[in-house]
């Protein structure tokens, strides 16, 4: 019986595939290629989904800027969280007629390394990670790295100033918090800058560090932040994607401060929950939007330097603190002045912020342990 | 309630007309059955196992949906699609397998579905009160606060009857109520049923024990192969006539025990001082027995007196607390079923659907379950598919299993043929010892005869057989020697079965008489081997 | 004192345990109710997830947290009925049906979220409401206890009340009696005219309602939005809690508290330099160990638990 | 018998059709042009060689977990652990691929073996808990999935991580450990041969060996198996270990064939997919690859649809759920079958 059934299903499957291939000869790809006059086209591939309130959303805003200000045709494809779909999709769009294929986050590095050399006539922009240029011919890839450590340096300085200040919600403990998504290099790059920034204000500062080990468990993120706040933390910095949003709820519940990341988290809740927004003193922004816009503009002008990675920081406006009404209202004048001063020093190179990406995990661990409460 | 004309004694209180029921596996359980019961009578419904009695009653009780036919109660056509409907029309049923929740109390089980309440709460006191009143009214005593799992079978059955009565049933169906009872319990039950009848209840009594039918019922309806053979007034027919209606021919099970060869062979199975405590009751107590090559040792006893446990302990399915088991001179104590089988033991289990077969597997797969890792079907690692198929074919023809092919799923066979599959497997390995536990339960006369023949043939060719049966006639007609078990103990040993009276054995089965334990052991064990 | 120790021995740590326990407790009560009626509800995870989302959507559109709560509970009930329909009416294996519903919920919520909020990650663009926190007048002023149970989300109190209610429901009402009878011997219940399916449907609906409350607690109590897959396995933990709690509401409560404790501890212990992965393994390893120890005892006493 | 096989096929077909119809209805609710979107979904996987290849390659890990689940289901066990076993198998293969220094083919085999052993351990734990202490393997394996996920992430983070990489990824596997890919257009790799080998091995094991027979009988009726002398506890343990090994091997194949460096941050979810596949394939190893291809087809189709139309790929989850529910619904179409039976019985009756 089994053999019969197997045979039967095989035949059915074959028939079905023949029929479907027959129907499928009109390739949807061909519909895109109707030649118009010179209009640039860019596609953004997201290894994940929109709605992370973070740099995927920011990248999406960049695409809108490219569309609106440069008049390009743009498309955003969310590839979801299943890694096995990423490379096929990338290869897929590479066979199409896009001028710029933009993708990013560390998830896509190997995929670009695989695919880009196969399509030398295409141009790839990779943000938040770099291909290994020493390891192959990536002359058609432009990589953007962010010096998130520089922005986090300012966040750390702000946190240290707040915790040592006599602001209404600050306590006497010199303890600040950090909520990471995972114990991973990019996240730790934020952490290192944050710790260094805090130490620049007061070397005595201690930092409570927790990792949610998930980017999608806000309840756990909140609980960890509550734990930090209960240990005497009065201001915390979240770098944990969706889990990080839990910090804002924890802050609201305890009436303490928070610093957001990647996108302006105060503005997320400005209308729906002003009380919460009030406590988010600022957010450390990774301006993926600015950097993508900059890349597209350079490309249009023929000035994009392919085949190399650029590391963009405060100087290029690729990272920085969010300046909004809450920041201006709740952060005292002298603190803001101090932050501006520090930002200038970083831009000018007077202050060199160390990076976790260069230090290696052991040095990060050492630094983290040195400020453990 | 509207007033109804007072029914006369001969009015049918229940009429089932043209009932046909086909099960999804194609089994035709009832075929155009018409069944009529009069008010205030005890009506016996008899037939062999598989004749369709239980199905017919399940249809009446709304547990099975008939494919065709209609039901009239008190002259009105009714639609019974659930037990709820049946209860509403005054039908109560005492099932063969008790429908009780073991961890609930007697009172809780009785009021289940019609619980007294105080506000939203369950009124436990009231429930126990109701239970007590009912017990007194019908003379069926049961302790209301006891949990079902802690009370004996007879009491559980009372609870079932009380359950039906509490719901105001005037038609009470009892499905083989005596199968699990001791003779005294049976007597008590019959008294209770008679007094219920006197109070105006109508009783439908399913049985295949014709003596009971004769003793208790007013009328009897016989079913055979899903069809009604006829309805008679009980006092107008003899047991033999009913029996003929049931099986379609004269049946006299002749004693056919294996020829005693005079000198019996070596001891093949030896059990010494087996003890087992389960759920706080001692189910086996110092059981000692031995079976020799070429003889059948029968175990008589009312069901539930340790026979099943004894078989399970010997075959390795349950551990025993103390004692020894030897099979063909090898120590089998504490060994696994597989190891014990390797010593040469076969086992016909009491419940074939649970232990005997995997019903979705094919016949040949069922046939190799005890030799799947031995030649010729296996080289110890892989199966020889051809050998498996050949074995299946051979055994099907040798044991006369009615099947379309060896690939047919066992579950689609009839009960008798399923038992033949079990027998074929267990006998064809040329076992040295066979434990046969209720080998003919629930199969038709023809199959029973052939099972008996296989047992006798095997014994005559030198196998040692331990036969357990609740059917006293069967044990007595097959066994060379006989023991009686009562409450987990061997209470009697008979070296010679010929000439024994069933009544005599009955006294031992009921615990009214017993031999001295030492004497039993001595006379069983002490015989010179040669 | 070390800040961590101080924190762990604080009343707020105890309060944290209650908070972490709440969603698991709701779901494990749901598991108990379903299990006692004879149906293993493995779909709790999916039920929680869908309720979490529906609560957010309903509260955002009506502006009322309580309407959101009811919508969440209603969707839990609906899920329970769907599970019941497939398992009881169409005879789907209950575990496979549960897996199907979990798969449906995991991605279906994202699909729905995208359709409603045009966002695949977080619902923060929806102006959803949260269930209020409540202060209990006198208790809140008692020194330690006040800090632990004096001020909690209304759903945390509801969960604690639910433990008692479910206990009374199962063991003191006639419906509870029927439910347990159905779970223990469906034929017995059937034979006295209790509709087994009806009882099991109701049990599944109640189970779904409880899981729904757990889901609503996550998205409208714990935090104030829905995010994809935010249950993060709490429905499965609830199943473990049911197993550890011997299918009894009080047992499930204690087991949930145990999970709450290890979970809260892992949150607090993060600052110790133990790799986070190990701390987060604690609840699962505890479950495995307790399961083995407990089941072992059960086996010795001669009963087997074949699920 | 034959009627049964046909009926099962019919039911599967009707279930799939019903699921597709429901999928289309849902698509219509959210899409501007549902017909077009659904067209992409159905035709997507066949629209280019590369997509065709990518859906075949997606079927490989699904086949492995499908086989793993089929094995344990055949023995009547409810192990949900394929998820964690697949994951830990991948981690083990990664470690072996990084640390071992062996000549090409031998290195590959060593990595695959490492994955198998890790997965087997993952099967052993719930197996021994069940066999020794009668602990519910369902709960145990669900818990173990989390333990393995955390354990795997710990190993990657602290022992296998590439410190020079910006992301949390492992060091690249040595090239000597790779399973070669056939073409540059698709990632279809030599793991396919391993897969077919395992498919036939599983089939052979279940239907042609004594141990496999033990497993199937234990699954069919455990009391019967015990009574027949089959050592059921050993069988349960063995089948859990074998299932774990197959799932772990799948994780290893995926690493060596597709990724070549570990980069998952979360469990990729193939374990529960394995359950769907085992159900569709009726636990028959020979049907598992077909079921896996079918599921992969749905997934790739959904991805193509999401890319070209305004329907997100999550729609496919609805189709999957409906398929599981209907295919496993014993009563689904049972009325039809009963009428068939009834008719046949009557014909037989009137003929005789």
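Chains here go by letter, A, B, C and D, matching the order in which they are written, and residues are numbered from 1 within each.
We adopt the following convention: contacts are C-beta pairs under 8 Å (C-beta built on N, C-alpha and C of every residue); 3 or more make two chains touch, one makes a residue touch a chain.
Keep in mind that what you see is a predicted model, and the values were worked out from it rather than measured.
Comparing chain pairs B-D and A-C, the larger number of C-beta contacts belongs to A-C. The greatest centre-to-centre gap from subunit C, using C-alpha centroids, is found for B. Centre to centre, using the average C-alpha position, subunit B and subunit D are separated by 45 Å.
Once the centre of each chain is set as its mean CA position, subunit A and subunit D turn out to be 33 Å apart.
Taking the mean of the C-alpha atoms as each chain's centre, subunit A and subunit B sit 73 Å apart. Subunit B has residues 407 in contact with two or more other chains. Within subunit D, contacts with two or more other chains are made by residues 1, 150, 153, 157-158, 207, 312, 334. Subunit C has residues 110, 120, 275, 277, 280 in contact with two or more other chains. Chains that are in contact with each other form these pairs: A-C, A-D, B-C, B-D, C-D. On the subunit D side of its complex with subunit C, the touching residues are 29-30, 78, 80, 125, 129, 132-136, 138-140, 142-144, 146-147, 150-151, 153-154, 157-158, 272, 275-276, 279, 312, 314-318, 320-322, 324-326, 328-332, 334. Considering their complex, residues 49-53, 78, 173, 175, 183, 208-211, 213-214, 216-220, 222-224, 226-228, 230-232, 242, 245-246, 249, 268-269, 271-273, 276, 365, 369, 372-373 of subunit A touch subunit C.
Against subunit C, the residues of subunit B that register as touching in their complex are 61, 63, 82-84, 86-88, 93, 95, 97-104, 108-109, 112-115, 117, 120-122, 163, 167, 278-279. For subunit D in complex with subunit A, the touching residues are 1-2, 4-5, 8-9, 40, 42-48, 50-51, 54, 57-58, 61, 150, 153, 157-158, 161, 163, 165-169, 184-185, 187, 207, 258-261, 263-266, 268-269, 284, 286-287, 290, 293-294, 299-300, 303-304, 306-308, 312-313.
Listed in rising order, the residues of subunit C touching subunit D in the complex are 42, 86, 89-93, 95-97, 99-104, 106-108, 110-111, 114-115, 120, 233, 236, 239-240, 243, 275, 277-278, 280-281, 284-285, 287-288, 291-296, 298-299, 304-305, 307.
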